[in-house]
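First the structure, then my questions, so here it is.
Chain naming follows the written order as A, B, C, D, E and F, and within any one chain the residues start at number 1.
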Amino acid sequence: MATVRLWSDAEVEGDPAVKAVFDDIRRTRKSDFVNNFWRGLANDPAQLKRTWESLKAIMVEPGAIDPLTCELIYMAVSATNNCSYCIHSHTAAARQKGMTEAQYGHFLQIVGMAAQTNALVTTMQIPVDEAFQVNG
Amino acid sequence: MATVRLWSDAEVEGDPAVKAVFDDIRRTRKSDFVNNFWRGLANDPAQLKRTWESLKAIMVEPGAIDPLTCELIYMAVSATNNCSYCIHSHTAAARQKGMTEAQYGHFLQIVGMAAQTNALVTTMQIPVDEAFQVNG
Amino acid sequence: MATVRLWSDAEVEGDPAVKAVFDDIRRTRKSDFVNNFWRGLANDPAQLKRTWESLKAIMVEPGAIDPLTCELIYMAVSATNNCSYCIHSHTAAARQKGMTEAQYGHFLQIVGMAAQTNALVTTMQIPVDEAFQVNG
Amino acid sequence: MATVRLWSDAEVEGDPAVKAVFDDIRRTRKSDFVNNFWRGLANDPAQLKRTWESLKAIMVEPGAIDPLTCELIYMAVSATNNCSYCIHSHTAAARQKGMTEAQYGHFLQIVGMAAQTNALVTTMQIPVDEAFQVNG
Amino acid sequence: MATVRLWSDAEVEGDPAVKAVFDDIRRTRKSDFVNNFWRGLANDPAQLKRTWESLKAIMVEPGAIDPLTCELIYMAVSATNNCSYCIHSHTAAARQKGMTEAQYGHFLQIVGMAAQTNALVTTMQIPVDEAFQVNG
Amino acid sequence: MATVRLWSDAEVEGDPAVKAVFDDIRRTRKSDFVNNFWRGLANDPAQLKRTWESLKAIMVEPGAIDPLTCELIYMAVSATNNCSYCIHSHTAAARQKGMTEAQYGHFLQIVGMAAQTNALVTTMQIPVDEAFQVNG
């Protein structure tokens, strides 16, 4: 159970600021379904608006990285942060954006490999090679 | 400073099992440079071999995900795990594989956004929507 | 399900060392309710006593930080550590100590913002400014 | 060393979008000093603007939580995320906003206690008490 | 619910590559029971084989560290990574390998203590003593 | 640089409460060397005393787990929490208590393997088998 109230559609209808964001989510995603994350954020309309606008700018509008790769990066962060909800929602989103099972298998291999080498490097406290210390 | 000895090229030359892996790293990467991670792993030749073979299979050989996207996923995990060494080495690798500064900017936006929404979801303990609970 | 047995009140009654701690928890909190955490720790009476005495000294007895702020800090750590149980119990405690919904909304904003900037800083490996390197 | 270029004041002067944000940071903080985080974000003017505006709304403008408590929450998240840069910058900010050494001592006690009980709860997989499952 | 399909025994029978690994798991563990982790990995036979072979080499075959201590280390990592599944499976494995309740109690004390001092050290940003900077 | 002052021996001499703890550390460890962690904690004598007494009870006094295994568990938690200081100090302590390089190699293998399987399990959201849900 959440630590906050999840807004029903009826409650959303009664609050113009929240309704405006929900309408934009539905329009943008071309779907009536609005997931629980936004229903929890609705308790703070300013935070709801700021979060949706950032997410839309970063994950929906055309950018330098294609939409499926965006989801794979989001999944990688969410998995490493152990956010069960986010793993479920972004794995679903990736599949909707065309992730094949072969790609998902490769993704899992990379995430497991990175977690392993991260742990080995950290435990051995390997110093950064000079060759890597050249920035942008 | 590392908690293990980092093997010099001279030491590598004197151990056939370690040398075989270092030779394959050099051949595969078409470069003489072998970074500190492998020089630390060299203390355990079996672990060195197993780790390199997995990494080669997952990150070098052709797979369902293209090489640059593989690096972006690796970077996302490494950043979230706070592995300074891995962030440096895989950001360098991504640039070598063609990551543009616009792509890196977009990558940073996604990593920041995911970390933020992960934290919000976790703090509010949002329950997973039924709609997301449909597996492969 | 827990990996340890959670002690019932009847079991607590039968062990004087555990009972002494449970009695003090009830007296201190002016409530009969003793939550599952202590029922799990009861398997190790010495650890139970040490943990309760530290918690009481830090979170109950008057200190330099007021009780509600103490809970907000506890919540921030628990959320970042992804401890579902601790998020629930300390959010409830904060509400009991007077946290308003406006304060909770602000808290969520800060936790999300901090998680985002932490991730950005770590991914970019920003070096600490000299100006910050002046200690107490 | 950062994985991105840190913008010098001269470079900032040459980019109106970046300069506008830096000017607002200086005006808002009543100080000429702009720390490295913003100099790294400057590589992506849109992200720089969005991040500063969110931070200003959440951490500078009057809100339901007082400025010093905001910093303590930010420090707690940053410490738990192991963000060395953020720990340094927000501990400095908290001291500037009046954090006493007694308060800092109490803060450390809470952060250590929370980390300990988080670990105990997670290792024992303690189930959430029904009493805590009452939301907002 | 998992984000992948968990293979039933009937499905395993129909795929020789997966069956070979499951047969070896059953033979090695002298038990018919194969837990869900392997049923999820079965979707990628190469990853299944590689993971089982590494696990067998590290956790089953005789090594420099005795089997129970191996499990305690595995449990410590899994608890700190907050992997609920892994905490359950490796705590069960440790008990099967002879972990007493007194040892489990001591284990919990160490995990809690380490989490606490890790948090204190990180928050205070304590620099590594020269005395500790002598590697292998 | 630390965010707190690290107490010199001269300062310790001038504060009886701090001196009493430092004297006990030296006596217990049969060594004059007191590492930086305690010099940082010295700013809060009550926290210093409580932390040392817990550490001594858990890590020094005879318990159900032998001293070297205690250090391996401590190292595993510290590595997973990415506490550089703690990794260095407890790896040094483990070597002092007799950890061989073969044992350290095996330890690294386990830590890497656990991190990898933790990540795979979490990403796939594998449900806990009923067989594991039998507690103490």
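The rule is short, and it goes like this: contacts are C-beta pairs under 8 Å (C-beta built on N, C-alpha and C of every residue); 3 or more make two chains touch, one makes a residue touch a chain.
None of the values given here were measured: they were computed from a predicted structure.
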Chains adjacent to subunit B and to subunit D under the stated definition are A, C, E, F
Listing by label each chain that touches subunit A and subunit F gives B, C, D, E
Given over half shared residue numbers means same and under half means different, the subunit C/subunit E interface is different
Subunit A to subunit C, mean C-alpha position gap in Å, rounds to 28
Here the gap between subunit B and subunit C, centre to centre from mean Cα coordinates and rounded to Å, is 35
Chain-centre distance (mean CA atoms) for subunit C and subunit F, in whole Å, is 21
Expected list for subunit E, residues touching two or more other chains, is 1-4, 43, 51, 54, 77, 79-84, 87-88, 91, 101, 104-105, 108-109, 111-120, 122-125, 133, 136
Listed in rising order, the residues of subunit D that touch subunit F in the complex are 82, 87-88, 91, 101, 104-105, 108-109, 112, 119
Contacts from subunit C onto subunit E in the complex sit at residues 3-4, 43-44, 47, 51, 77, 81-83
Residue positions on subunit D within touch of subunit E in the complex are 75, 79-80, 82, 84, 87-88, 107-108, 111-120, 122-125
Note: in the complex, subunit D contacts subunit A through residues 1-5, 43, 46, 50, 54, 57, 133, 135-136
Residue positions on subunit A within touch of subunit B in the complex are 1-4, 6, 33, 35-37, 40-41, 51, 54-55, 58-59, 63-65, 69-70, 72-74, 76-81, 83-86, 88-89, 91-92, 100-107, 109-111, 113-129, 131-134, 136
